[in-house]
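When the chains are written out, they are named A, B, C and D in that same order, and each has its own residue count from 1.
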Amino acid sequence: MKILYFAWLREKVGAAEEERDLPEALRTVADLVDWLKLQSPRHEAAFENARLVRCAVDQEFGTPDTSIAGAREIAFFPPVTGG
Amino acid sequence: MKILYFAWLREKVGAAEEERDLPEALRTVADLVDWLKLQSPRHEAAFENARLVRCAVDQEFGTPDTSIAGAREIAFFPPVTGG
Amino acid sequence: MQRILVQEEDFDVAAENAWLATPDVGGIASFIGTVRADRDGAHRVTALRLEHYPGMTEKALAAIAAEAEARWELTGCTIIHRVGRLLPGDNIVFVAAASAHRAAALQATAFLIDWLKTGAPFWKAEELANGETAWVEARASDDAATAAWKG
Amino acid sequence: MQRILVQEEDFDVAAENAWLATPDVGGIASFIGTVRADRDGAHRVTALRLEHYPGMTEKALAAIAAEAEARWELTGCTIIHRVGRLLPGDNIVFVAAASAHRAAALQATAFLIDWLKTGAPFWKAEELANGETAWVEARASDDAATAAWKG
């Protein structure tokens, strides 16, 4: 699974993109976040305040409840500030 | 008193501007309209449908009740259609 | 800061935006009205003639701009209205408002064009394909749009 | 008809208006967002860095434009968003909507910029005079503006 990070999430994780083999037990974005936090102290720090993190599953905005089954890429980022 | 006409009022009256000595009895725009209608058949035709006529007294929009005392110029025109 | 022009020439939108782009500006909203070419046959519009009341027009536009500046925190606003003979596709009017914040700029722009439609002495006549010339009638919807701002 | 661009270069407002000016157009409304230069001292913004999510951004902007086209009768709409490093006074974003009638163009333009603020994956970081770089925080007022359209 391709995982992307933007803005300060990218800075905290220390990578714009990573490829991860996910355990089959992970069903939702929230499951994935809990699992990612275990992968490194940087990941843990990036997701420390989950309230500030937004996500997209296959380039559509998602929520913690969004299913990740069959997804090709999942992105994490802060609330958007364009315009 | 300078009297101005715009758009189809100008066409119906046949003049863009005229100088008139007004009787002192005329107090309001409505009085002036009644008096102008007596001045020529063209004036009468122009003001035939008073509902369609708007006015300005000294370059400020007015109503039939607006006083013309001391005014320098009075204009008559159809509802505006700019923009 | 306001810029009011009544002119025969076209306007240069890029130059107008540049005039409004002071350092404290976060957004510039604008509206351009153009001569529509959407009718066919005898009533196709071949040209639009715009007449106005010189002297009063400028005062009325300045009053509309001042009202917008009183209602919203603007860094500047512009009204440019063309007069004379215009062809289908030509620009007629440009209104714009600049502000630190977008909502003020957007609302003021809508206000400027709505009030201009009913509060400035301009009259349009359409030259038609059948050779006739017809004065454009005022629309009740324009009065309603102005009345909505008076709330 | 929609035109969606994400680019580093500035945009040409006159050319964009010309693209929207089809024969059935009566009005073109637009909004330009710019980099404000309204703070002094240590927190003065010396540059803005705009990051986005390539691939998703274009899809999100096209969806916003399609929503505007579904809500109003538009002849066309445009969204252009710049990315990369921008300086105070630079243009950031251009949204525009054209219609036979002004109310549709004006309302659609306000809608486009409000939805873009909360519905497209862009992130701003400010480079400050004191040498620090700070990510811009999302504003509750932007969420409220979007929510108002969902009514």
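Rule of thumb we're sticking to: a residue touches a chain if its C-beta (ideal position, glycine included) is under 8 Å from a C-beta of that chain, and two chains touch if they have at least 3 such contacts.
Fair warning: this is a prediction, and the values are worked out from it, not measured in the lab.
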What is the chain whose Cα centre is as far as it gets from that of subunit C? A
Cα-centroid distance, subunit B relative to subunit D, in whole angstrom: 49
From the C-alpha centre of subunit C to that of subunit D, how far is it in Å? 23
Rounded Å distance between subunit A and subunit D, as computed from the means of their C-alpha atoms: 26
Which residues belonging to subunit B are in contact with no fewer than two other chains? 83
Name the residues of subunit D that each touch 2 or more other chains. 33, 102, 113
So the complete set of touching chain pairs is A-D, B-C, C-D
Spell out the residues on subunit B that touch subunit C in their complex, using ranges where they run on. 4, 6-8, 56, 59-61, 75, 77-83
Touching subunit A in the complex: which residues of subunit D? 33, 50-53, 55-56, 59-60, 81, 92-93, 113, 116-125, 135-138, 142
Over in the complex, which subunit C residues touch subunit D? Could you list them? 12-14, 17, 21, 23-34, 36-38, 88-89, 100, 102-103, 105-106, 109-110, 113, 145
